[in-house]
Amino acid sequence: MSVLTGKELRIVGFLCNWCSYGGADTAGVARATQPTDLRIIRVPCSGRVNPLFPLKALLSGADGVLVSGCHPRDCHYSAGNFYARRRLELLKEFLPIIGINPDRFEYTWVSASEGQRWQQVVTAFTDRIHKLGPAPRFKDAEPIYDLPGALTSLVRPLDCGGNPALDELKQQIRDALADGHLHCVVGWQQGYDPIHATPLHMRKPEDVDRLIWGPFNIHSTANMITQLIKEAQDAAMVGVKRGDPIPPAKKVGVVVKGCDSKGLVELLQEKLIDRNAVEIFAMGCNGTVSTDRILAKIGNTAARVSAVSGKGDTLTVTADGTEYTMSMNDIAQDKCRACKMPSAKVYDHFAGEPVTVAEDAVPEPAAIMAYLDSLTLDQRMGFWKGQMERCIRCHACRNACPMCVCREVCVADSREPHWVTQDDTVTNKFFFQLIHALHLAGRCTGCGECNRACPVGIPVGALKMQTGRIVQRLFDGYQPGTDADAIPPFLGYEVEEKNIPEHHIERA
Amino acid sequence: MKFAYYPGCSGKGTSVEYEISTKAVCSALGIYLQELADWSCCGSTPAHATDTLLSAALSARNLSLAAEAMKQSGATKLATPCPSCLANLKTARHHMANQEFRRKVDKLLDSPCPPLGPKGEEPLPETYSILQLLVEDYGLENIAAKVTRPLKGLKIAPYYGCLLSRPAPIMQFDDPENPTSMDRLLEALGAEVVPFPLKTECCGAAMGIPRRDITARLSARLLDAATTFGADMIAVACPLCHMNLDLRQEQAAKASGVSYDMPVLYFTQLMGIALGLPDSDLALDKLSVSPAAALQKIGKEISA
Amino acid sequence: MTICFLATEGLVPWLAKLAQNYRVFAPRREGKAIIFRPWKEGDKAPVPLKATVAPKGVMFPACETLVSYKTTKDPQQLDKVSLTLKAPVKAEPTVLFGCRSCDARGFVALDKAYLGGKFKDPYYEARRNATLIITHTCDNPTPTCFCTWVNGGPASPEGSDVLMTAVQGGYVLEGISQKGNDLLAGSGLPDGSDKLNEARALRTEAAKRVTPRKDLSKAAERLKARFTDMDFWIAQTAKCLSCGACTFMCPTCQCFNITDEGDPASEQGGQRLRSWDYCMSPMFTREASGHNPRMVKAARMRNRVSHKYWYSTEYSPDGRFSCTGCGRCIAQCPVSLDIREIVVKAIEE
Amino acid sequence: MRIGVFICHCGSNIAGTVDCAQVAKNATAFPDVAFATDTMYACSEPGQDAIVAAVKEHHLDGVVVASCTPRMHEPTFRRTVERAGLNRYMFEMANIREHVSWIGKDKEANTNKATELVRMAVEKLRRDAPLYTKKFDSVKKVLVIGGGVAGIQAALDCADAGIQVVMVERETSIGGKMAKLDKTFPTVDCSSCILGPKMVDVAQHPNIKLLAASEVTNVSGYVGNFTVSIKRRATYVDWSKCTGCGLCTEKCPSKKTPDKFNEFMGPTTAINIPFPQAIPKKAAINPDYCRKIKDGKCGVCAKVCPTGAINYEMQDEVITEQVGAIVAASGYDLMDWTVYGEYGAGRYPDVITSLQYERLLSAAGPTGGHIQRPSDGKEPKSVVFIQCVGSRDRSIGRPYCSGFCCMYTAKQAVLTKDHIPDSQSYVFYMDIRAPGKMYDEFTRRAMEEYGTEYIRGRVSCIQPNGRGQYLVRGVDTLMGKPVEVLADLVVLAVGVEGAKGAGKLAETLHISYDHYGFFMESHCKLRPVETNTAGVFLAGACQGAKDIPSSVAQGSGAAAKVIGLLSKPQLESDPQISVVDIKRCVGCGKCVDVCPFQAITKQSIRGEVKAQVIEAVCQGCGLCVATCPQGAIQLSHFTDNQILAEVNALCQC
Amino acid sequence: MDSINLRARDEAFIREVEKESGQNISTCYQCGNCTAGCPCGPVYDLQVNQIMRAIQLGDKKTVLEAASPWLCVSCSTCSARCPNDIDVARVMDTVRHIGRREGKTKYVINAFWDSFLQTVRFCGRSYELGIMALFMLRTGRFYTDLDLAPRMLPKKKMPYLPHLIRGKAAVSRIFKRFNDMQQYDD
């Protein structure tokens, strides 16, 4: 359906049945004249409004979206609007990163008796949208294909010289494996060449010989954990007959860097894993590298690396018979540049001394965020369009994410609900990334695995970083994955939200 | 501790004892007051009664000077002893948060005022009263520690006047109905503070010249109450209050038909006494009603 | 065989000329990736490197509409509904420029699936017939390349219409197929026979740089024997994330899913879409009942590896692998899982 | 699917600014619409009959009516489609009156908008599924929270109707605020004389179980089947043994215990019975002041108690009760008036609240009914009453009128004159609000017969004059002049707010409350004693300031609702609730965490954790749906796909 | 006595007061608290609440002819205690501003204010003796505060000479621009 050309713009409203829909009725009964643009979708509660609904509308042609619910404390369902407030504020502050003017989205509170207020809200909001004009369409945006290559400064010195406590770590794991209470232990081993590590599943003490620790241990071990626990449970059930008592499953061991441990903590926080189901082997991390940056330093993406050695901050790579030396400053992964938690805080075994970072060290904002912030809204939309065009929907970003636990029931593949279709339009592909980002709001630990896993190098992590920035601001510097006892911000609320402003839709 | 300092016109004239004692006390406490070079009048009540914009512009000139001076000297805050100046400077800054208003103010000035800027790093400074800075920034404990001649046995009625904490949204200091900062300060000096219920009642302000009947009536009320509650003296923080209660005490007496002998001292003078500063720093001789008798209670002798 | 020489500076004008009559796909850099995109006049010269994603999408798009359908109501008689169907089987003349030999050989593998049997896929066939493949022989094999293990090579002509080899000052173009020879004959480019030896020498040099060959001739037989060895498969698959990076970038992976999207009664109508699917996904074999014969990833990995090195050898007449050794599945795997290692282990252990 | 669309003219209400025939015509093009027409009054009998006929004639299996708001006629039309043989949930409404025709006059825009709203309704209906209610049993017992006059009335009415009642009272005696009052307006009859018998009835009624010194700590379950946890505070006296003889209170040496019942106007003993008519008439120890409990030295009460009821080791105890309905009657408290610096912020001993004054007037009060001012015990001759202290004052965030202060002030002025004939009372007021039966007449008596001086204007400040009196500085706006009065005693008519802890109780009960701690009723006019949580009802001042007659009336009203609810043999659940697709659920429990009603639990299915909705508890808010990342939980009738269909009907580009 | 003409409500005046004072006059419900606390109430011809009421009625004449605004000492007690959070003192200030623009400056206080500002304009700071001199000239009240002179002068609390500051021209320009702007606005 198209809007009345030249007269109306497309404005979608989501109104809770009990207050705001009633308020709109009251306005009607009072014959309170309003602009005709708004189309109202009735929902039971503003808490029913998944932020993806407004986002979907904005991405598929709405020029403005308005959500209205009961005033805080007046929720028909007592707390729905408290949850809504956090989620909708998140959405509003999220929009600019994808190039949508946040003024196009608003949420407010109107009670069933406030007909006049409803009239003011509709009039002012419609007026605002008309002042902004028709919304730029994602599909029409001028694509930007390039990516910024800037490197941010290191928040601490990095070291690629390996860890002297590796033997201690190995012994801890060997002992634990020998004890027989572990299903397996996940760590890293060398992959097909010296600059590529690959996850290692240690089941027998001799497997531990292959364990490595150093700048190539880039993979998150946290993302394997839920599957392995399931595997251990299944293994325990082998041979158990119906009615038999369920035997206890073996624990799953996991070797963690600081960032991996954040993933585990967040999983513990969300009660997605049981602390007793895992045994955590930790060691201080001195930073990991980006293989792309190493190859770029060598100047040949096809370089054959035969040996590497690290000393202090300098890595020496032997490729095609030539030695190349490079500094960690030039090759470290982005996340390590800003990492303030190189050592796990929750663990069962710790090998060596923890690596620490000065409490007051302030990391430089990620290069991609600084870049996106420097763009205009239209350019940002074009950026995402250009990047997402090359997405092949392999879902490596999702599967590499330690927090993505839906896996085979991901809404990306479902028709009930049918958020995304199989059509590979860039909008559709992008919408999946937005779902992923919003599902990770307040949960993303910033491990960067989504970025790293993307075979075509789309910086999808930036979308999650945006949610991270918002969560930090709204919830007093909240960092997911640092406190196993904290309630994730979008599963809780405060009656008075300190940092969420009351949004005033100005009088027309 | 280093503050930029705006003395206000009366400090150079009718309230010279306030000025002298303020500087002396701060100096004794190790607070450096950097007087703004070439400051001008804030316009006081006559300006704000005439026009908000004119009033703001007269203040803004001084705020600009302060901004520049503070940038140079590293002074952290802008201080003034006079509540009337304080109210004008604060109100001007408050209004200038409105961009439209600020543009109009800038049009009246030779060069535009620096912006308010984000919180915490405001180029256009907020103004604070000397009283507030002494109580909140310097701290009562630190003051008490420096007292050498406690005002023990001296009953003092603390009189704040109307402007120091009002209007509350702009002044952002103490309780507008029952301020206690001066009470606590005087207690820190060792004095006995009488429960003076008229702490913030108006003295008649600048009506003294045009309508002395008003000030006389209002001042008399205050002097009556101080007498009833057994005060030996009144402590004040405002040049106008002081003028009405001290200089015009006889006028008030005439109006109420009661004669008073109520010394009225600036709180800084009392601080000076307690800190043991020399008489030259107290300027007690500038007072109309001599505190000599009252001060004998604490064994301080002055030439009447 | 027509052999021409194309000077380096002549490349872009030649592409521009081709672009007048063909849709031209060529690799270009986007971020860190190299992607095949429509090339048009004014664009820069294509990147002479192996693309991040194989160009199979040119014949077999990631998503295509098989049928679009729409119902229309008779306004006089609402019960009377008519249905219109549209199946757009047409293909524009296309040049696929600058793929590698491993990519071109991939189409030969795809041909088996889409054109080899009793039923030919009309969509694929139309595009295949309308497309001319100009292969840039490989001069820079990567550590993950293993084309020589699977009977290919950096300059294998299989599947290509024209082979293009970079030499001093330009390129030697060799017609391979009739289509290729015709194109070169009509190109007006100068003869390049004199440079052929230089080209051949460079190719031989490149072939030496491919990771030393391992013998995979026993692969089918050994994989068959391994079929029930679940411990082997579980061990080999432990680190797999079950994502689709390997299959979607593969030049030979041919699986798809069919879904109906849209609403026939709406203005936009409905579409039956065919889109890439990946056998590493647990959804891939999930049946309508909810039952899933390949519930665990080990079973899925076994299927993928077996398909490439065993099943394909049985259903393809020439017994070829359904793998061209491009190595993308290794290089782009988020956990650096190495399919070579699995096959070799299956043979050796 | 075959859908019928009916566009209502609503006379000219809609048709005046919407081309209804055109909308109907446009609707014929929409998917699955097999029939579309316009109709004069869809809700009228012929209108409804036409819908039934069309369903039959055109074999429709879903109906869209575009007319007024669904908040008005959705139930009506659901019955209509049910009459036509369809499931009542195979129905959608498009609101083209309140949201279209009444808010704009542009007929082209309105017609277009109406068409789009119908389109959205059609798209939603296409994804509707038949839903069926379920029946379940209820517990024939009611919990009454609060033993003030409203709670007492509700409890007695329910008990008389044969329903079991559990009454929970926070204090050691029921009676609430009314028990503290000396007399009541406008009849000036004795408060305890009229309340006392009712309190006794509560104690003696066979259907009422009274739990004093107790608080509700948790409520779970749903209408008909609530499980309530009640904390019984330790009173250190075994009430089954205590006879209320009062010996202990006479002998208790700790005589400076603050007396809450007497509004702290005098001290009491650490062990005490709050007032002579207390129900239950049992002693309780205030552990903060009991020497035995604090220091371990004393034990006098235990020694003198003839029945050995004293138990210093007593602990709090939590009991649970199963009830089918809950009446909240937690009452009110005075707001914290010390925000008024100009009235001394509590620093002046002779500036007191009206409730404190009530205790001074009461013969059972700390002064034995003699008016003695707190500072020096003297009889005040000049008493100033200040109205609206904490009422109608936006500057301190109290914009509302507390309703009954005008009346009790008049009463107190009258009583002052009765007690001290040579006294003079002054009342500073802004407006006199006396709309009840015989109310205005009563205030007139205070002025005309008792000589109370009413001064129209607010008081700016109260200043002690240093000679034992207070200078009250006000204004007589009728004369346009400031007024100053010297008072011996100042009584503030302090505004009321929800009882302390009302917010927490509301959260426990899952009901809404406002900024002032008052509970929210379902509808201000039409459902004044119901809340939005089924089975929870309101009585008395917990819902808003109320005087005694209104509180009693509302207590009876709440009781009538409870009786109506629990007299049904079985209750029906609303099927518009959340449903879990266990194939999609990964058991993460996020829905469990956010559900405001604890309506979702975790269950284990073949060793895997899955969410499970308790159908009768789910209220259908859909918060869980917006929370579930997999979309595994869906709200029937408001599924993701239904809302998406509505969005897609509007936004397709 | 005139009756109030409710139809003569001067809406423009109400808006002018509301805009310049930033206060919503209609929220005043006439409790009289401003009057009750006003130190000058006893000398007012029209009480503060009556001024507020007159503004509500749009009765510009009554407001501008009242002497009260010119007797107000700006102590802000009314603002501090207003139950509707109206900054009444600012409304009084605004009434004075409007009055001054409309030439209602016949009161003694105006002479004082003008004298004060005149010294500021020319010296950059106020000059107390100058103010007294100008005030006496303006009003002819040569006896003003003569009784205080014996107390002030010996204590040297009133300097005989003004403090002339370097920036006095800059201050003077503020006044000039202000006057120019006022004329331009009119």
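In this document, chain identifiers A, B, C, D and E correspond to the written order of the chains, with residue numbering beginning at 1 in each.
The rule is simple: contacts are C-beta pairs under 8 Å (C-beta built on N, C-alpha and C of every residue); 3 or more make two chains touch, one makes a residue touch a chain.
Remember, predicted model here, so these are calculated numbers, not experimental data.
Enquirer: Going chain by chain, each one touching the next, work out the least steps from subunit A to subunit E.
Expert: 2
Enquirer: Looking only at C-beta pairs in contact, point me to the busier pair out of A-C and A-D.
Expert: A-D
Enquirer: What is the chain whose Cα centre is as far as it gets from that of subunit D?
Expert: C
Enquirer: Report the chain whose CA-based centre is farthest from the CA-based centre of subunit B.
Expert: C
Enquirer: Centroid from C-alpha atoms only, then distance subunit C to subunit E, rounded to Å. What do you get?
Expert: Chain centres of subunit C and subunit E, defined by C-alpha means, are spaced 87 Å apart.
Enquirer: CA centre of subunit A versus CA centre of subunit B: separation in Å?
Expert: 56
Enquirer: Could you give the separation in Å between the centres of subunit B and subunit E, each centre being the mean of its C-alpha atoms?
Expert: Roughly 22 Å separates the two chain centres.
Enquirer: Counting only Cα atoms for the centres, state how far subunit B is from subunit D in Å.
Expert: About 51 Å separates the centre of subunit B from that of subunit D.
Enquirer: Of all residues in subunit C, which are in touch with two or more distinct other chains?
Expert: none
Enquirer: Quick check: what residues of subunit A touch more than one other chain, meaning two or more?
Expert: Correct list: 407.
Enquirer: Listing for subunit B: what residues touch at least two other chains?
Expert: 176-177
Enquirer: Please list, in label order, each pair of chains that touches.
Expert: Applying the touch criterion to every chain pair yields A-C, A-D, B-D, B-E, C-D, D-E.
Enquirer: Subunit E touches which residues of subunit D in the complex?
Expert: My answer: residues 342, 388, 392-396, 430, 456-461, 473-477, 480-483.
Enquirer: Quick check on the complex: what are the subunit C residues that touch subunit D?
Expert: By the definition above, subunit C touches subunit D via 71, 73, 75, 78-79, 263, 265-268, 290.
Enquirer: Quick check: in the complex, which residue numbers of subunit D touch subunit A?
Expert: Answer in residue numbers: 69-72, 95, 97-100, 102-106, 108-110, 112-113, 115-117, 119-120, 506-507, 510-515, 520, 524, 532-533, 576, 581, 583-586, 588-590, 593-594, 596-597, 607, 619-623, 625-627, 629-632, 634-635, 638-641, 643-644, 646-653.
Enquirer: Quick one: which bits of subunit A touch subunit D in the complex? Just the residue numbers, please.
Expert: Spelled out, the residues of subunit A in touch with subunit D are 1, 4, 7-8, 10, 12, 17-18, 21-22, 24-25, 27-29, 31-36, 39-45, 47-51, 53, 56-57, 60-62, 70, 73-80, 83-84, 87, 113, 119, 137, 139, 233, 237, 246, 270-272, 405-407, 409-411, 414, 416-419, 439, 487, 490-491.
Enquirer: If we count contacts the way the header does, which residues on subunit D are in touch with subunit C in the complex?
Expert: Listed in rising order, the residues of subunit D that touch subunit C are 28-36, 583, 652.
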